[in-house]
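Structures follow.
After this come two complexes, each holding chain A, first together with chain B and then together with chain C.
Now for the complex of A and B:
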C-alpha cells in the first residue's frame, strides 16, 4: 500500500509559522462601482470593509453610492458622470495607505473619502496631501486630523473626539455622578477621546477612578470589568466602538453592573444598538446623526432612499457620513466650476451645506481654520425597543450645534499650510 | 488585592474553559489528520449563526442541541470535498486551504446575514449574576463551564471506551498500521473531523450568547485556542485542556497588573514554554517531529 495517503511530516515549527501567519496576514478585496460616461470624474473611497468596523464602513460606502447615483442623475460633476471606486483597507494602516496610493496613482481619482479607522484616516491624509488630492475624512474621529496634523486638502465630516466629549460630559456629570471609570480602546481614537473626557471632567470638578486600555478586537471584557467595579465609580464610561462596544455592553448587562453603576459613554451608533439584545440597550450617549427627525427638511426622503437599497432598514450616522462626504465634492466642484484641488479646498472653507445634504436642524459648515464640519451632536438615551419602529432605538433629548461643542480653532493646534 | 486576584483567577478559569472547547476540536483534527484548521473560527461563526437563525422556531435549548450537529454536517461536506484530496500532501497545503476557507466563511456569513451584528438573547434566568460581589459569575457562564465539562467528559469517554475512539487514538500514533489492520482510514478521518467541527459549532452557540454575533467573531477566539494547543503540547488532549485553562488564568491575572499586556501575555507564555520545554507541557517527545 502506498504511504502517500498517510500524514506527511509536520513539525512544530510549521504550526508556529502558520499561527504567526494568521496574526499578520491581511485580506484585501477591491471592487469598483462603475458609472456611465466618457471621461468620468473619479472618487476614491478607502474603508475597512472587513474586520471589526465592517458594518459602519459598509454603511458609509452605501451612503456614498447613493450620493453618486443622485449626482449622476442630475448631470454629475461639471457635466461629467461620476465613478465611485471603493477599496478595502482591511482595518490595517499599511493596507489603507497602499490602497489610497493605488487609487491616486493608477486609477487617477480626483477626490478621496475615508477611513472609519482614525489611524488609517490620518495615514491616508499624508498621502493625499503629498499628491494634492482633495480628501474628506468620513468617519475617523481622532482630534489630530483637524488638529495638530491638519492639512490644506483634508476636511472632516464626522465629529472630533473633543466635540463628542463636550456634547455629553455635562449631562453625564449632572445626571450620573462625578467619579468616572473608563474602558478605552487602545489606539488613536480612544486616546484622544479619553483625554477630552477627562479634561471636561476635571473642569466640572469630578475624578477619574481608572482607565482600562483594551486592545481593538477584545472579545472578553470581564477582567477589565472586575477592575472597574473594584474601583467603585459612579459612572462606567465605555469609549470602545463597533463589535467591541457590543461585546462590552453585553457583558456589562449580563454581569448586572448597570444595576450597580451607571453605564454610559460618548459616541454610540445604531449599528451597535441594533446588534445588542434589548436588555443591553441602556445609557446616555451621543449620536452623530439620527434618522428620526420629525419636521426637518430632507430627512424623510433620505430615510426612504436608503431603505430602498438597505433591505428596508433605516440609515445610520455612517450612511450620512458617506453621503455628505461625496455630496460635498459635487456641490463645491459644481459651484466653482473646477476640479482643481487647491481652489476647491479654499472654497470649502466656511462652506455651508444645503438642507437636503445637512439633514439636521442647525447650521452645518466646514469651519475655516481647521476644516472640521460643524455638525450637530444628538444627545439622548438608548431605548430597549422602538415605539413606532423597531429601529427607533435612541431617544434624542437635545440636538447641540457643532460650533457649540467644538473648541475654538486656536485651541485645536491646527495651522493650515497651503501649497506655494 | 487578594480578592481581586482571586476573582481574576476564577474568571480566567471560566474564559479558559471556553478556549478548551475550541482547542480540543482543533487538536483532534490536528492529531489525526495533520490538518491545521485555520477555518475553525469560521465554523464557530457558522454554529452561532445557525443557532441565531433557528432560535425563533425551536428556542435557545433547541438551537443548542441542533446547531452543533448541523455545523458538523457542513464540516463533513467540507472535509469530503476540499480537505480529503490534500491528505497525502505536505501539511502546508491544507493549512493554506483552511486559511482561505476562513476568509470565505467570513465573507459568506457577511453576505448571507449582513455585516451588522445580530442580537442574541439568552434565557433570562441564565443572564443573572450569582451575587453583587461575584457579579462576573453569571448563570450563563456557569452553564458554559458545565457544558464544557460535559463535552470534555464525553469526548474522553468516546476516545477511551468506544471503538471509534480507540481507532482515532491508534491512528494518531500510527495511521499506517491502523490502515493495514483493515480499518477504513478515510471514514475515520471524516468522523474525527466531524467531531472536531461539532465542538466548534457548540463553541459558536455558547459564544453567541455572551459576545456579539458577527462575521469576525471567530478570529479573536481562534488564536488563543492555537496557543492552548502549543502550550499544552501537540498531540496531547489533556495538555490542550491544561493549556486552555492556563492561558485563561494568565490573561486574567495580567489584566490586574498590566492591562495593556493581557493579550500579549499568552504569546509570552507560549514563547517561554517553547524555550524551556519545546514539546509543550504535556507533549511527548517526537510526537510531531
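Now for the complex of A and C:
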C-alpha cells in the first residue's frame, strides 16, 4: 500500500492550505446556526429580487420590512419579536420552491409571503400547504391561486386578473364606447386577461373588433397599431405589461392614436408610468392601490414612512401589498393568541382589515370561500404631470369596492379542503 | 492491489459515504435535506451533459430542453395518466430520450460552434412549445396539480412526499442507478471509442469507426440520462416550468460541468454542489449573488482549466 496517503509529511504547502481552509471556515461561520435564546417569530418571504420582476419585488420587501418594524415597536406577535427572512427566488420555480423549503425546514418560519411571479407563488403554495404554514400571496395575479387551485392555508392580497378586468370594463363601456380592440401578450397571463375582458364585454353587449397577439419582449408594435387603427374601434385595450407596456404606449403616442381612439387597459403600475416620457402617460387604467387619497385615514402617515426608506419616493401598490401581507399575520395572531396555522387560517376568513392597514375607503376583508382579499380597484386616468407632486401621475376617478369587482365564490371554482 | 486502485477505492467510498450521510451532516452545518436533493438532481443533469461534453468532446448548449421534456413527461404522466412515481420517471426519461434521438440524428452532422448553435435552436423550439401550448403545459404559469406518489412495494409503502429524508434516499437510489449505468457504459468498448473520438476524430475515422453514429448514440444516451434527471426534478418541485427548457438553464449545466471538471467522471457533481450551495447561501446574503458565482466561474476557468476536481486531483498526485 502506498505510503503517500496515510503517511504524508506535513510540508509548508499543506500547512498553508490548512490555514487557508480554517480562515475560510471562520469567515463563513455565520452559515452555522448559532444557539438560540428566546426565539423570535419568523416570517419568511420569497420574492424574485433578481430578474425582470426585481423592481416590484424589492418594493414588496420594503413594505413588509416597514410592517415588521412597526409591529416590533408595538410589542411584536404574542409578545415575541418578529424577524423577517427574505429569500430571492430569482424568478425561477425550482429556486423558489427550494427557498421556501429552506425557510420552513431550516429556519422554521411561522408564516410565508410570496411571490410576484404567479407560477412560483402557486408552486410555493403546494409546499406551504404540505407543511401547514399560513401563506399570503402578495403579488401573483393568476386567477387559479384563489380559484381552482385554492388551498386552506393560502390567502391573497393583490387582485385576480378577473377582478382587474371587471373593475374597468363597466367604466370603459359606459363612458368610452362599445367596440374594443385588444393588444394581448401571447402567453398564459395575457390569454386569461383577454378572456376576462371579452366575457365582460359580451355581457355588456359590446363587440371585439380584433385581438393582436404580441410575443413577450416585442419592441416594435407598429404593425399591430396600424391594424388596430384600420379596425376603427372606440377603445384600444393594451394588456401588455412591464417594458412591453412602455414600448407600446410610446408608439401609440408617436402614431397619434390616442387622439383618435381611447387608449385603456387593465392593471397599470406607478413603476411603469414613471418609466414613460410625460407625453406618453395617457389612458384609462386601474391601480391596485394609489398613494394619493385625500382624507383617508392612515394613508399620509404610510406615505411619509415609506418616503423615509425609499429615497423620498412615494409608495406604489407593491409597497402596500408587502405591508398588508405582513400586517395581516400580526393582526390575526395577536387577535387569536396563537400561531397555529389551521386556527389562524379559519379566523382569517371574513377577517376585516383595520383602517391603518387597509389604507383605502371601502370595506376590505379576506373573503370566506376563496381567501381572496376584497381590495378596491382605483380606476382613473394617467396624467403627464402631477399638480403638486411630480409622482402624482394618476387621476383617480372612482374607487370600486372589491366585492363589486370579484366574481362570486361559486364562479371562482374554489373549494377549500381543510386538513383533517 | 496497487496504490492507484486503492486510492480510487478510497475516493469512491468517501463520495458515497458523504452522499449517504448527507441528511445528517448537512443539518448542523446549516444546510437542509431539500438542498442535498437538489444537488443530486442537478448533479445528475450536469453529469449527463458531461457524458457528451467531457467524454465525446461535443458541446451541447440545448440540453435543458431534454431536461425540461423529462420534467414535463413526468408531470403529465402523474397528472393525466396514472399516479405512479416509477411510471412518471420512465415516461419522462423516454420523452427526453426519444426527442433527443430524433433531433440528434440531424444535429450530429455539425461540429464545434455550429453543433452548439443547432442544439440551442432545437432547445428553444421546445421552450416555446411549452411556453405557448397553455392548454396542455399550463404555459408560463407552469404545469401543476400533480405530486409525487408513495412508492408501493405491495407489502408496504414508502412515503416520499412529506418525509424529506425518505425522498432524499429515493433520489439517491435513482442517482446511483443512473451513475452506475453511466460508469458501465464509459468502461465498455463503446465508452473507449467515445474517448477516442474526443481525442482525435480524424484518426478514429481512419480506424474505421463510424464517428457520426457514435456521436449520435452518445447524444441519445446523454438525452436519456438528462430526461431522467428532469423527471426527478419535476418530482422535487411537484411542478414543471418552461424556464427549465430555456437555454440559460443549459448554460447553468455547462457551467456546473466546466466548473467541477469536465474530464473527470465526478467533476460535474462537485460543480453542481458548489453552484447550488453557493447560490443558496449567497442569494440569502446579497441580491448580487450572480456576480459572485460568475466571478468564481471566471477564476476557475482561468486558473484551474481542469475544473475544481481536476485541481484537487492534480495537487494530490
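As a convention for this text, the second predicted complex is superposed on the first by the 354 of 420 C-alpha atoms of A that agree within 3 Å, B and C clash if a C-alpha of one lies under 4 Å from a C-alpha of the other, contacts with A are read in each partner's own complex, and residues count from 1 in each chain.
Assume a residue touches a chain if its C-beta (ideal position, glycine included) is under 8 Å from a C-beta of that chain, and two chains touch if they have at least 3 such contacts.
This structure is a prediction, so every number in the text was calculated from the model and none was measured.
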**Request:** Counting touched residues of chain A, say whether chain B or chain C comes out ahead.
**Result:** B
**Prompt:** In the superposed arrangement, does A:258 touch chain B (first), chain C (second), both or neither?
**Reply:** neither
**Request:** Go through the superposed model and pick first if A:212 touches only chain B, second if only chain C, both, or neither.
**Result:** first
**Message:** Quick check for you: in the superposed arrangement, does A:184 touch first (chain B), second (chain C), both or neither?
**Reply:** neither
**Message:** Let me test your reading of the model: by the given contact rule, A:87 touches which partner, first (chain B), second (chain C), both or neither?
**Reply:** second
**Request:** Considering only the touch criterion stated at the top, classify A:118 as touching first (chain B), second (chain C), both, or neither.
**Result:** second
**Prompt:** In the superposed arrangement, which partner chain does A:279 touch: chain B (first), chain C (second), both, or neither?
**Reply:** first
**Request:** Considering only the touch criterion stated at the top, classify A:50 as touching first (chain B), second (chain C), both, or neither.
**Result:** both
**Request:** Return first, second, both or neither, reflecting whether A:95 touches chain B, chain C, both chains, or no partner chain.
**Result:** second
**Request:** Classify the contacts of A:153 with the two partner chains as first (chain B alone), second (chain C alone), both, or neither.
**Result:** neither
**Item:** Common interface residues of chain A - those touching chain B in one complex and chain C in the other
**Value:** 1, 4-5, 50, 54, 186
**Complete:** In the complex, chain A touches chain B at residues 1, 3-12, 14-16, 18-19, 21-23, 25, 27, 29, 50-52, 54-55, 58, 186, 212-215, 217-220, 222-227, 229-230, 243, 246-247, 250-251, 253-257, 260, 271-272, 274-279, 311
**Asked** Can you name the residues of chain C that touch chain A in the complex?
**Response** 1, 3, 6-7, 10, 28-35, 38, 131-132, 134, 138-142, 144-145, 147, 161-162, 164, 233, 236-239, 241, 243-244, 279-281, 283-284, 287, 289-290
**Request:** Sort out for me which residues of chain A touch chain C in the complex.
**Result:** 1-2, 4-5, 28, 31-33, 49-50, 54, 85, 87-88, 90-95, 97-99, 101-102, 105-106, 118-119, 122-123, 126, 130, 142, 144, 149, 186-189, 191
**Prompt:** Where on chain B does chain A make contact in their complex?
**Reply:** 3-4, 7-8, 11-12, 14-15, 30, 33-34, 36, 38, 87-92, 95, 99, 103, 106-107, 110, 114-121, 127-129, 132, 135-136, 138, 140, 175-176, 179-180, 185, 210-217, 219-223, 226-227, 230, 234, 251-252, 255-256, 259-260, 262-263, 274, 278-279, 288-289
